[in-house]
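In the two assemblies presented below, chain A is common to both, partnered first by chain B and then by chain C.
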Partner chain A sequence: MRKSSLFALGLIPALLLAVTADAHKLRTSGVSVAVADSGVRVTPTRDWNRLDVKPGKKAETWTLDGTQLNDVTFYGGIEPGNPLVKERSKKREPLPKFTAATLVVEVPELLESTYRAYKGLAAFTVESTAPAKFLGQDGVRFTYFFTDDDQLTRKGEARAAIIKGSLYMVTFDAPRLHYFDHSIADFRALADSAKLN
Partner chain B sequence: MSLFHSAVAGALALTSAAADKQTVAPPPPPYAGVYQPQGVDEIGMWREDDESERKLAASALVIRDEKLNAYVRNVLCETVGADRCRSVRIYIMREPTINASMSPNGTLRIFSGFLLRLRNEAELGAILGHEFGHYEKRHTLNRFKAARSGTDLLAWTALLASMAPSYDARRSYNDLELSVYGSLYRFSRDNEREADFLGISYLNRSLLRPQAAASVFQGLMGEFEASARAKGLKKPNFSKIAFAASHPPDAERAAYLTLLAAPAGASRDNGADRYRGALAPWLPAFLSDQIKLNDFGASEYIINSLAASGWTPTLWMARGDLYRLRGNPRDLVNAAEFYEAAVQLDPTLADAYRGLGLSLIKTGRPSDGQAALRKYLELKPDAADRAFIQMMLPVQGVGQ
Partner chain C sequence: MKLFCRRVIAALLLCAVSGIAHAQEKTAVRQGFELKRNSQKKILVFRPAVSVGAQSTGGMFEPNADWTEKSKANIRIALEKFQRQLGNEIVIAPEAYGEDARKVEEYMALFSAISQAVIEYQFFIGNRLPTKKMDNKAGIFDWSLGAGVADLPGAKDANYALFIYNRDAYGSTGRKVLQVLALLGPGIAVQSGEHRGYAGLIDLKTGDLLWLNADSQIGGDVREPDGSEKRVRQLLEDFPGSAIEKEAAK
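The block that comes next holds the complex of A and B.
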C-alpha cells in the first residue's frame, strides 16, 4: 500500500503533464470508426470522446462527460484464456478469464466477477439478462448496478456475443441518479451501430 | 535427598503455576464513562471523525438489516459489558475484505468479509473486544501527530487527482486515501498488545470462551497461506491485509492470546450455533461476494472451514460456483458434483440447478443439463435470466 501511494504521488503530476500533451480523440457524429483494435466499427450518432488510456489490450473507453459520469467500454474480440482488462498483477491479483467453455449466459457473471475483483466491490447485482442481437449475431443484453468505492451507485447496460470463439462486448456505466437515464439512448444508438467486418 | 527433590519440584511447580496465573489477563479497569475530547488536537480529530461518520451513515455499503445489527451489538455488549457498549455505534459494511476498526468518537466498522470468516460468537466477541480496547485506551490520539501530516498529504493529492481526468489517477488517489486512513488506524505493536490484553480481559469476564481470540488468527493465517499456495506464490503477503499488516507476528500473537485467556473459560460455550443462525440469511450473499473476488485458494479455505461443522446446501452450492467460475474442464466436472450434493440436501435450491445445468451442458451432457435448467425455471419463475435460459432449452448443445 505504501509503495503504491509513493508511486501515486509521483504519478499524478506526470499524468497531468501527459494529459495536456497527449489529448484524447474526438469521435465525430456520423463518421464510421474502428474500435478496440478489432474488426468492430461503430458510427456514432453524436460526438463522443475516445480516451487514450485503455483498460486492456483489446478494450477501449469512450465518454461524454468523463468516465465517472458516463463510461462506454468496448471489448473487441477477447480470446479464450484472457481477462477482460489488464491485470494489475498476473500473479498476485489474477482476474477471471474468458474461457472456451464460457457460455453467453455466463458473460454477465464474468463481467461481475471482473468488476468485483478489480475494484474490490461487494455490492454488484445483475438485474436482468435477456437474449439480444449484437453485431448481427445472437448474443445477450444485460443490466446491472453496483456501488463503487466513491460510494456512488452506478447502473450499467451491456451487450455481448461470442463470435468464432472470441468475446465481443460493449458496456455502459453511469451514476444511477440522472446520468444513466440521460445518456442511455446515446449508448443504445452507438451499440446498435456496431458492425463486425 | 528425595524429599528435597520433591520439595524443589513442588516449589517449581508452585512458581510456574503462579507465573501462569500472572499471565492470565486481569479484569478490565472500571469504565471511566462518557469521554469528551480535550485539547486542540483531539477536538479537531473528533470533528473530522464525526464528519466521516455522517458520510458513513449515508453510505450505500452499510448493511441495515435490523436483526443482524442487533445481533452484533448484542455480542459486543456481552463482551465488553452494558455500560461500555452504550458508547458505540456499529456499522456493518458490505465489503468482502477482512477488516474491523474503531475510531475515537465511538464508530465501529466491521466488514462483511470478516463476519464470513468468523466461526462463532466468541471469535466475534474477541474481534469487537480488541477494537474496543483501542478505543478505550484512546490509541488513535497517540498516532494523531503522525497522521496529521498524512492527511495534509491527502488533501494535496485529492486536489491534484481531481485535476487529472483519468481513471488511473483517481484509482491511485483512492488507494492513497485507504492507505493514509489505514495509517490513521494502524497502531504500533505495543498498542496492539495492549488492545489484545484488554480484549481478553473483557472476554475472561464475559460468558464467552476467551480462547477464541487465538483461533481467529490461526484461521486467518491458514487462509492467507492457502491463497498464496493456489496462486503459486512462495509466501503469503500479509501486509496486503490492513488488519494483519501492523499486528504482532501471528504465531507469537496466537501464543500469548492463549496464555492470556482464563483457563476456566475453555469449558464455556463459544456460541457457534447462535452465530451460524444469525448469519444464515446473509451467508449465501457473503459467500458469493467472496467467490467472485477470484481468489480460489482463500475461497476454498473459507468454504472448507465453514463446512467443518457439516456441509450445508449453501456451502455445496458456493463450492460449485467457485469451481464453475474457474472453469477448467476438470473444475466443471467437480462443480456438477457439488451442485448435485446441494440439490440432494435441498431440492428447492433454484440457483444450484442453474449451476448444475450449465456445468452439465459444458461437460457434454446437454440433455441432463437442460433437465436441470428446466427445474431451475420451475423453481424460480421470475429469474433474471429466464428469457435466456428458456432460449437454451430446446437447442441441443451450447446455447448460442
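The block that comes next holds the complex of A and C.
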C-alpha cells in the first residue's frame, strides 16, 4: 500500500497523533518568535499554542482551545506554482496554486477555492475585501464565512500581501457563535505584530 | 524476522493506543461548580442529537436514515427513564421551529465541537495543548458556548441546559477486512467503527460548560433498545447530583 493511500485512509495521522506526545509548543505572551519557517516574526499579546502538525511546508497553525474553536494559520512566503497547504494527493486531490500572475485582490478567491477543495466545503462566502497594510506592505484584508462538514458555520478574517513575488498571509477561523468574537481582538493584535525581516 | 518484528510493533502500538483511550479522562467539572440533589435548580433538556451510519472502507461516514430513526426513538425512551433520576427538576425544551430550530441545531454542533476539542486537546494526555496543561495543573476546566445560549427556546424557564450528542459509525465489512489486512500486512493499526457520545451541562446565563462527559469510544449499540439504555446510562451516570447507578454497581 502506498504512503499516500495510507494518508487518504486516515491511518498514519491516527498513529502520529498517538506518538507525538507533548509535541505542541507554548508561544508565550511578549516573546517574539519566527513563524512558518519564514522571515516573519510575531510577538503575541497572550499565550498561544503552536501545533506540531504543519498544514504545509510554509504554513503553521496556532490555537487557543483547539482548531475546531480557534485556528490561526500563518502562510510564510508561498512561492509561485505552490498550493497554500500540502496536497493529500497531487493526482487525485490537486489544490489550486498561487501563481506569478495572482493579484493580491485574488487571494480571497484562492483561499476560497483551497478551502472548498481541501475541506470539501459546499458553502463559502467572502463577506468583505478591503485594501490594508500587512507586514508593512500594501495588501488586503478580508472576511468570510464557511460551513464545515460538522455543520458548524465558521467566520474568518485574513490579511495578505504579495512581497517579492511570494504570498504572505495570516488567517483566523472560529465558529461564528461566541468563539469568533471572543478571540478576534487577540488575532488582530497578533497580525498587527507581524514583521518581515 | 523483520516482518515479524514489524507485526509485533504494530500489535503493541494498537494495544498502546487502546490503552491510552482507556486511561484517558472522560469527565470534568468546572472549578467551583456543585449541584446537589433536590437543589431547586431547573434543568432544561434538549432533544438529543443522534446520527447513525456506517464507516466505509476508507473511513468515511455514510448516514443510514433507518438506523438513525430507530436510534432516536430508542434514546428518547431511555432518556425519559433516566432523566427522572437526575436529582433535580427537569424541564423539557419546547419543540422548536424555523429560526429557533436552526439555532438549537447550531448550538448542538458547537457543543459537539467543544467536546471534541476537550477530548483531543485537554483529556488526551499525549496531545494536550501547553495552555490546557497549565489549566489542568491549576484545576481549571474553562470552556463556554457563550452567553447567547440565554436566547435558546425554553432558556428563560431554567437554570441549566443538558445537551446530549451521539454519532455512531458502524464499521462496514470492508472496513473490518481492512482492519485485519492492515495489521497483518503493512502492520498498521486501523480502527473500525466510531462511537461518540457527549453529555454536557451548560449554565444558561453565561454559556459556561459546568460538567462534561465526553467519550469518543462509548458503549451501547444505539440501534437496539438495550444498547440505547446502556448508552444513556453511561452518558449520565456521573451527572452531578444524579441518582443513576453505575452499570457495574448493578
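In the analysis below, the second predicted complex is superposed on the first by the 176 of 197 C-alpha atoms of A that agree within 3 Å, B and C clash if a C-alpha of one lies under 4 Å from a C-alpha of the other, contacts with A are read in each partner's own complex, and residues count from 1 in each chain.
To be clear about the criterion, a contact is a pair of C-beta atoms (placed from the backbone, for glycine too) under 8 Å apart; a residue touches a chain by one contact, two chains touch by 3 or more.
Keep in mind that what you see is a predicted model, and the values were worked out from it rather than measured.
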item: Partner chain(s) touched by A:91 [first = chain B, second = chain C, both, neither]; value: first
item: Partner chain in contact with A:53 - chain B first, chain C second, else both or neither; value: first
item: Which of chain B and chain C A:66 touches, first, second, both or neither; value: both
item: Partner chain(s) touched by A:101 [first = chain B, second = chain C, both, neither]; value: first
item: First (chain B), second (chain C), both or neither touched by A:31; value: neither
item: Touched partner set for A:126, first chain B, second chain C, both or neither; value: first
item: First, second, both or neither for A:153, with chain B first and chain C second; value: both
item: Which of chain B and chain C A:185 touches, first, second, both or neither; value: neither
item: Contacts of A:117 with chain B and chain C, given as first, second, both or neither; value: first
item: Chain C versus chain B, contacts on chain A by residue; value: B
item: Chain A positions touched by chain B in one structure and by chain C in the second; value: 1, 8-9, 11-12, 15, 19, 66-68, 150-151, 153
item: Chain A residues within the chain C interface of the complex; value: 1, 6, 8-12, 14-15, 17-26, 47-49, 63-69, 150-153, 175, 177-179, 182
item: Residues of chain C defined as touching chain A within the complex; value: 13, 16-17, 20, 58-59, 105-107, 109-110, 112-114, 116-118, 120-121, 125-132, 143-148, 178, 182, 185-186, 188-191, 207
item: Contact set on chain A toward chain B in their complex; value: 1-2, 4-5, 7-9, 11-13, 15-16, 19, 51, 53, 55, 61, 66-68, 91-92, 94-97, 99, 101-106, 108-109, 112-113, 116-117, 120-124, 126-131, 138, 140, 142, 147, 149-151, 153, 162
item: Touching residues (chain side chain B, partner chain A) in the complex; value: 55, 59-61, 94-97, 112-113, 153, 157, 160-161, 163-170, 172-176, 178-180, 182, 231-233, 237, 239-240, 242, 245, 289, 292-295, 325, 327-329, 332, 358, 361-362, 384-385, 387-389, 391-392, 398-400
